[in-house]
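Read from first to last, the chains carry the letters A, B, C and D; within each, the first residue is number 1.
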Amino acid sequence: MTSHQPIMTLEELRAFFDREFPQIHEGGRTYHIEAIGPLSATMRMDYHDRHLRPGGTISGPAMMGLADLALYAAILAQIGPVALTVTTNLNFNFMRKPDQRALIAECRLLKLGRRLAVGEVSIFSEGSSDIVCHATGTYSIPDRR
Amino acid sequence: MTSHQPIMTLEELRAFFDREFPQIHEGGRTYHIEAIGPLSATMRMDYHDRHLRPGGTISGPAMMGLADLALYAAILAQIGPVALTVTTNLNFNFMRKPDQRALIAECRLLKLGRRLAVGEVSIFSEGSSDIVCHATGTYSIPDRR
Amino acid sequence: MTSHQPIMTLEELRAFFDREFPQIHEGGRTYHIEAIGPLSATMRMDYHDRHLRPGGTISGPAMMGLADLALYAAILAQIGPVALTVTTNLNFNFMRKPDQRALIAECRLLKLGRRLAVGEVSIFSEGSSDIVCHATGTYSIPDRR
Amino acid sequence: MTSHQPIMTLEELRAFFDREFPQIHEGGRTYHIEAIGPLSATMRMDYHDRHLRPGGTISGPAMMGLADLALYAAILAQIGPVALTVTTNLNFNFMRKPDQRALIAECRLLKLGRRLAVGEVSIFSEGSSDIVCHATGTYSIPDRR
């Protein structure tokens, strides 16, 4: 059985993300892949003006974007830079108002199949153990021949 | 039984959105509330550089943000400018690659309760009847005394 | 472009369901495929003791089972009796307490791809137009060579 | 801050379930609340004929019913026998075919608010650490005055 160690290094994955998702850094680099491991990834989103609503609360779409990126990072770390891997389903539960600080997204893959990958993401305010947002997502992996 | 006509006019709703979500217009006004009706709303998102991935495909998070805004518009049109209404759950199915043109989000409320509202959104590429993304969402309506 | 007419007749689909899901009729025949059409199906679940909680309310799992069957019916009517088609994702919003009468599930397919099918189901109490439960689901279609 | 210890004993919870959900034992007692803890519960569903499809595979609806019961058990263990607590949303990812043996559902509450509770459930075939089905659910807690 496979050990599920990533087949990309952190540097390779970050470089791939910079090429594939340059628009996430528009206005400043706020998304960071912090770590990857067996069937897992950790991503950070800085507390930055463009992710906020008036009053300073981090917006829902900013959190949804972070979750999607974290899942994508965890999957690609495992299968390599398969650029046509696409999100087919995402489900979000928003549970607590985030603090006015960075968000940390911890992603764990639940299944890595030949055609579909499924993972979950827990998003926390940096330094807190209370989940702000929890998501599960399914990604379709294209045929590779 | 109520007729479910909106209690806000389109202009009032647009003004409310400009005050509550000014960050969505950063880089240019690309989100437009096109229409509101009984338990429904239509929102448009222009095809704009900041919503795109390399190659010109509209990003998943751009579509998720559009769906969230459209649902919020439909709910607030019905209950008035209750600013503390928050998203508790969103579920997305991404089904087709969007065209390189504007997106139209058609939102229909399925339930408008005292504490929770539930709606669905179908997102189309402008001019097409094939659903690009379908979402359902639940929003928590705060106690109003 | 295909007309999306079902490729199975109602009788063929009912016979297939009787072979594939005999356990749903345990205790009495309460599930009925009422109609099939282009990318659609209607299923009925009788108001029967084994679907109820004390006090006579139809249980959540009974509704979830109905939604899954209705989606499966709509998909198989389109693609034929492909028995290894399996549910990969289901999302339910429970919105109103059902009446103490039969349930009608109206299913509409949103996407019918080569590998994945996505549909939505609206469940009503017979005779009512208020949605009791709304669901979306994704099904994986096996390779057929 | 609360320690989140359950406020019901395992025996009290089992007795409550027997009163509230007698229909789950129709045909034989196959659902068992195995354990409860802080914001958690474990439930077992025996491998029994009425949960199966031809060929002996456990049905999707049987797993969905198990997840719903496990979440309900975890919530009620924390808040007491509040019978009008109802499911508002459930999202399921079916990831592996279950073995032909009992299922174990491990439930963890992610949020326990005044009005809403959110939890996740991981379902395993007994003796295996591969997740068969993962679910998240939201429950509405009625006002208690």
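One rule holds in what follows: a contact is a pair of C-beta atoms (placed from the backbone, for glycine too) under 8 Å apart; a residue touches a chain by one contact, two chains touch by 3 or more.
Nothing here was measured: the structure is a model prediction, and the numbers come from that model.
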item	value
Rotational angle, Cα trace of chain B fitted to chain C, multiple of 5°	180
Winner on C-beta contact pairs when A-B is weighed against A-D	A-B
Same or different contact residues where chain D meets its copy chain C, judged by the half mark	same
Inter-centroid spacing, chain D versus chain A (mean Cα positions, whole Å)	28
Euclidean distance of C-alpha centroids - chain A vs chain B, Å	23
Residues of chain C whose C-beta touches two or more other chains	88-89, 91, 93, 95, 138
Residue ranges of chain C in contact with chain B within the complex	91, 93, 95-96, 110-111, 113, 118, 120, 131, 134, 136, 138
In the complex, chain C residues that touch chain D	19-23, 26-27, 49-54, 59-61, 64-65, 68, 86-95
Residue ranges of chain C in contact with chain A within the complex	88-89, 91, 115-116, 138, 140
